[in-house]
Amino acid sequence: MIKAGIIGATGYAGSELVRILTSHPEAELVSLTSQSYAGKAYEEAYESYRHIPSYICEEENINEMAEKCDVIFLALPHGVASKKITEDILSKCKVIDLGADFRLQNADTYESWYTTHYAKDILPEAIYGLCEINGDMIKGRRIVANPGCYTTCSILSVYPLVKERLIDLSSIIIDAKSGATGAGRSLSLGNHYCELNESVKAYKVASHRHTPEIEEQLSYAAGESVVISFTPHLIPMDRGILATCYAKLSGSYTYEDILNVYKKYYGDKYFIRLTKKGTFPETKWVKGSNFVDIGFTIDERTNRVIVIGALDNLFKGAAGQAVQNMNILFGLDEKTGIDLVPIFPA
Amino acid sequence: MIKAGIIGATGYAGSELVRILTSHPEAELVSLTSQSYAGKAYEEAYESYRHIPSYICEEENINEMAEKCDVIFLALPHGVASKKITEDILSKCKVIDLGADFRLQNADTYESWYTTHYAKDILPEAIYGLCEINGDMIKGRRIVANPGCYTTCSILSVYPLVKERLIDLSSIIIDAKSGATGAGRSLSLGNHYCELNESVKAYKVASHRHTPEIEEQLSYAAGESVVISFTPHLIPMDRGILATCYAKLSGSYTYEDILNVYKKYYGDKYFIRLTKKGTFPETKWVKGSNFVDIGFTIDERTNRVIVIGALDNLFKGAAGQAVQNMNILFGLDEKTGIDLVPIFPA
Amino acid sequence: MIKAGIIGATGYAGSELVRILTSHPEAELVSLTSQSYAGKAYEEAYESYRHIPSYICEEENINEMAEKCDVIFLALPHGVASKKITEDILSKCKVIDLGADFRLQNADTYESWYTTHYAKDILPEAIYGLCEINGDMIKGRRIVANPGCYTTCSILSVYPLVKERLIDLSSIIIDAKSGATGAGRSLSLGNHYCELNESVKAYKVASHRHTPEIEEQLSYAAGESVVISFTPHLIPMDRGILATCYAKLSGSYTYEDILNVYKKYYGDKYFIRLTKKGTFPETKWVKGSNFVDIGFTIDERTNRVIVIGALDNLFKGAAGQAVQNMNILFGLDEKTGIDLVPIFPA
Amino acid sequence: MIKAGIIGATGYAGSELVRILTSHPEAELVSLTSQSYAGKAYEEAYESYRHIPSYICEEENINEMAEKCDVIFLALPHGVASKKITEDILSKCKVIDLGADFRLQNADTYESWYTTHYAKDILPEAIYGLCEINGDMIKGRRIVANPGCYTTCSILSVYPLVKERLIDLSSIIIDAKSGATGAGRSLSLGNHYCELNESVKAYKVASHRHTPEIEEQLSYAAGESVVISFTPHLIPMDRGILATCYAKLSGSYTYEDILNVYKKYYGDKYFIRLTKKGTFPETKWVKGSNFVDIGFTIDERTNRVIVIGALDNLFKGAAGQAVQNMNILFGLDEKTGIDLVPIFPA
């Protein structure tokens, strides 16, 4: 059994991780910490855990956790993990960071979008844990940067097109829609029920921090710098991300040409499901699962391709992929413990 | 492996059953039928099943199914199962009926609330599959009548009070609230998104068919006839039932007196969770799980007890309890395959 | 034109009042105050007011406001109004208090459910502004206590039955359901979108402060003390209250007997609409209007009557009724400015 | 008083029209028809009308209606109005068509996206009733084609940029999000509560019929052919459209440059509200009103402008604009009867 610890277990991503690990057949959750609930039973934070394995939220002590765990998951605000992760920690256990600190290889980019980075020396060692793209490179690593929710959906939606240069790289626009869990459990007027309910809005227009993360990965795929427009929207629902991606085709391609490229990259990826021609993903069809559904069409009047991807932001967009990374790190089948049928309707 | 079949697999309860059985470690779904999707892949009905075990919806042939299955689940409108279930079927395999046809032992009551009953001879053999009450009586049966969603929640909420006569039996009022999946997948103006959303209403006031089912079971518990008032309400959400139950206390009891009675009956029942004093159940805390949460308070000003129960209508209120019954029938741990942590937030 | 002022204009009830008064043909909103937005444009608090009459939120100075206004509306937390309203204020202008401070004539009851009352001398002068019951008594008053949202719905639903003693007064149970605006705009985990959405729960079970308010009014109607059980529930929607009321009939009455009693009291009340036999109110049918819809049935098996009332908690349950009271106070047709068709679907 | 009639009064757009006209100070609704409710009281279709002006749904007879009305509104599926509107009708009364039949001046385009057009002779006379653009041209007309919901929002969002050529005309992408009322009251699995709730999806990707309507109007503005990509999405809410529009800037422009262009075209338009810099529209802020909120930013990294527009699809997107057109046609202030403050929260 893999001994796992979670730092930051009472946020929404942390709690989804607790849920998945509780049922994981090859892992055991031996320690979890929470700043706001330290010393309290986990069910004080989440009543869904009433009478379920009696987790107690601990004060954070990453050194002690590293001694007793095989892997530590961090689910923390940006800027915190880069202070906590050291060579010493990595020498004792593996680390999967659900935050942003190790996602960008370019520390300058990180610092211009986020804040000071305190572990630049460790950065080169971190692998971007987008399993369907970097699967083989993840094995054997000591630290995995688990991708963001928007980024997982966005990158997977357009990756084959970028890699194979079927599109004009300067033409990529990603219009993304997310459920409210993406904004976390911290209180704000924008997340007050009556303000968010029955409404839709864009936010952080052309300025969301997932933008450079998408760009860095797409640039690796393209072998040159890719700059995109990215606009997130808040949808009145709990879970789910839909990314509607637009790009100019670089030539004259048929639906089948493009489909073949998607099959080439994703044909053997269990968690990526291509929809039938004429059918497009809906977030509800992947809820509670690790699947990413992808569909596309060609807008012949404009020679654009429109690709739509959908995932559950807390699952494949956070905790599920983190466990997928753990499975890969420890040589398990990547599906172990996360091979769930979507829950519908819910 | 238990070989299972489902008749009526494309309604909401049927689809939840497919989902649970797909992941069940000791059961295998070998056959499923659907009137509307016969001959089609299951993912035609539910895109959540895209690329998942390639179930094909069959034409119904219960005799063939009985030959190859150890257990058949029926998820059908009332009046259909009583025509299909025969001694011959029961001699070949076990039957778990999610519909109403075998829930009422009193056929006259059935016929006055429903329609003609075509299998009165089999009725005495059917056991009411409310696992936490009838657990021991379920073992060894050939046919289980899986309780209704409202009834499971209502009966479990007040059973200890009735059994121990802590309340005036003529004073029971149950005000229940249900999510929209309770109304099924058939189209109607009342379930049209814009009509149901952002609204709450009562329906079938003092005339809902779950009333006699609750009454029959509570009468067994009381050893005398119990008549209740039952009012269901439709809530703008997908899943969940909350039953708010009111009754006059038959004497002077403290919170602890009542708590002890609940503990006596439910202390060893894994799927029933009593909330802490001052805390009451919310449907969200049990979503996607087989748990029933129960909390209560004494209204000292009126000497009434108010008990509140919550469950997921598609899980513990339908498919989850059906699988719990299967587990009991086949001598498995009752938790097998349904011991899921609630999904939150979702 | 009536010159109106609002103290506490940036809560949800206050903002609904601003909205109604902005369109009122016989009133003019000359001053509004807000603690949190003092000095700012009203659209800083509510962007719906973008470019609409340029209200500026003022610091509260009730004395100045009393000088320039004909009527002051207070939309404040309980315990505040009783400190602010003095004989001096009442000598200058009329007051309509949307809070709880002047609703209970019995100051002891107020103090046992709320807090210290600072204006007991004024209490006898305040009239309970439930327009359909106390209409005639409101005229000529200096101070009106605008009823609570739950209480308006609850009292109007059962008043004729209590007044005419068609029911056993000790048997009244009110199970109420409210949209989230009832909880106001203050942030709390319970009102965080992802926690409230897709769930239903009871709260303040047998302990909600609207209980004594309902009881005091029903006691006046009955001519003797009435004690009830009242349980509020939170529904995932913005607006609306549904009250499901249960009581034992005191004799043998037909549907028509009861209907006649309702018609006797409400036949000439424009804002009360009785539903047809077999039809029950839904909150959506009254949204954005001052209507209260009421329907009932007899549960013959138990000889209970079940009455269901519905209203918009921010409109008839707060700001709309406050303006109705203003209309009555100033001798206008009570419908002036609030005679809106419900907005549907919304 | 303007005598108005409505054909197709029981769809969602029709019912919103009934609601607005019921309160309109200068119009009187003298006749309304409905295929499905002919002969029944209007409250049979919409219980919100319980006890409100006793409209009776009539069988449609447009000739009779034309005799007694000054204006007829049509709220019908496409292909029906072009059969009904004749020179004879137009000689008797004015017509405002909320459907698609007279929106496209190019009949070939109409026939390639819709169906046969039966009134091509009348087409040249129809004016596209986008009030803020064509206001002056509407006066004196006999027939107005009321714009679609998506189109009103989309065109108004980008019109100044197109007109002044601040953008590359071939680069326009409109990603639109709509509440479920946009899909009407007809039953379908896609609009079944449990299927639409808690999900987001795209539909009619690159093939929605509002595309040619947007293009025709933008082409008029540009003086040359404009082709766009348009993708609508369905959002789990009742009302509201948000259009997120992307385009390449044709030169180097500042925020203020663009703002000035918007002010030039919209500075004197009451129903268009420009948001402050850094603030973007949300559908909830315009609900129940005739306002269109517009905000934009420059994505400097890509030299794209991102413009976001929001409106209430049943109000400014349908019935409200139809009444605005009526006001213009009859020489009233365009705001008459539709100058409502948005209802919030709702």
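Note that the chains are named A, B, C and D in the order they appear, and that numbering of residues resets to 1 at the start of each chain.
In this text, contacts are C-beta pairs under 8 Å (C-beta built on N, C-alpha and C of every residue); 3 or more make two chains touch, one makes a residue touch a chain.
Source: prediction; values computed, not measured.
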_Common touching chains of subunit D and subunit A_ = B, C
*What is the touch distance from subunit A to subunit C, in steps?*
1
*Look at all chain centres (mean of CA atoms) and spot the one farthest from the centre of subunit B.*
D
*Taking each chain's centre as the mean position of its Cα atoms, how many Å separate subunit B from subunit C?*
39
_Distance between subunit A and subunit B based on Cα centroids, please, to the nearest Å._
36
_Rounded to a whole Å, what is the gap between the Cα centroids of subunit B and subunit D?_
47
_For subunit A, residues contacting two or more additional chains_ = 12, 181, 194, 197-198, 236-239, 282, 284, 287, 345-346
_Help me check something: in the complex, which residues belonging to subunit A touch subunit C?_
12, 180-181, 185, 187-189, 191-194, 196-198, 236-238
*Which residues, counting only subunit A, touch subunit D once they are in their complex?*
170, 173, 175, 177, 179, 194-195, 197-203, 205-206, 227-229, 231, 233, 235-240, 242, 244, 246, 280-284, 287, 297-302, 304, 306, 308, 310, 345-346
_Residues of subunit A that touch subunit B when the two form their complex_ = 12, 15, 19, 22-23, 46-52, 181, 198, 238-239, 273, 275, 279, 282, 284-289, 291, 293, 339-346
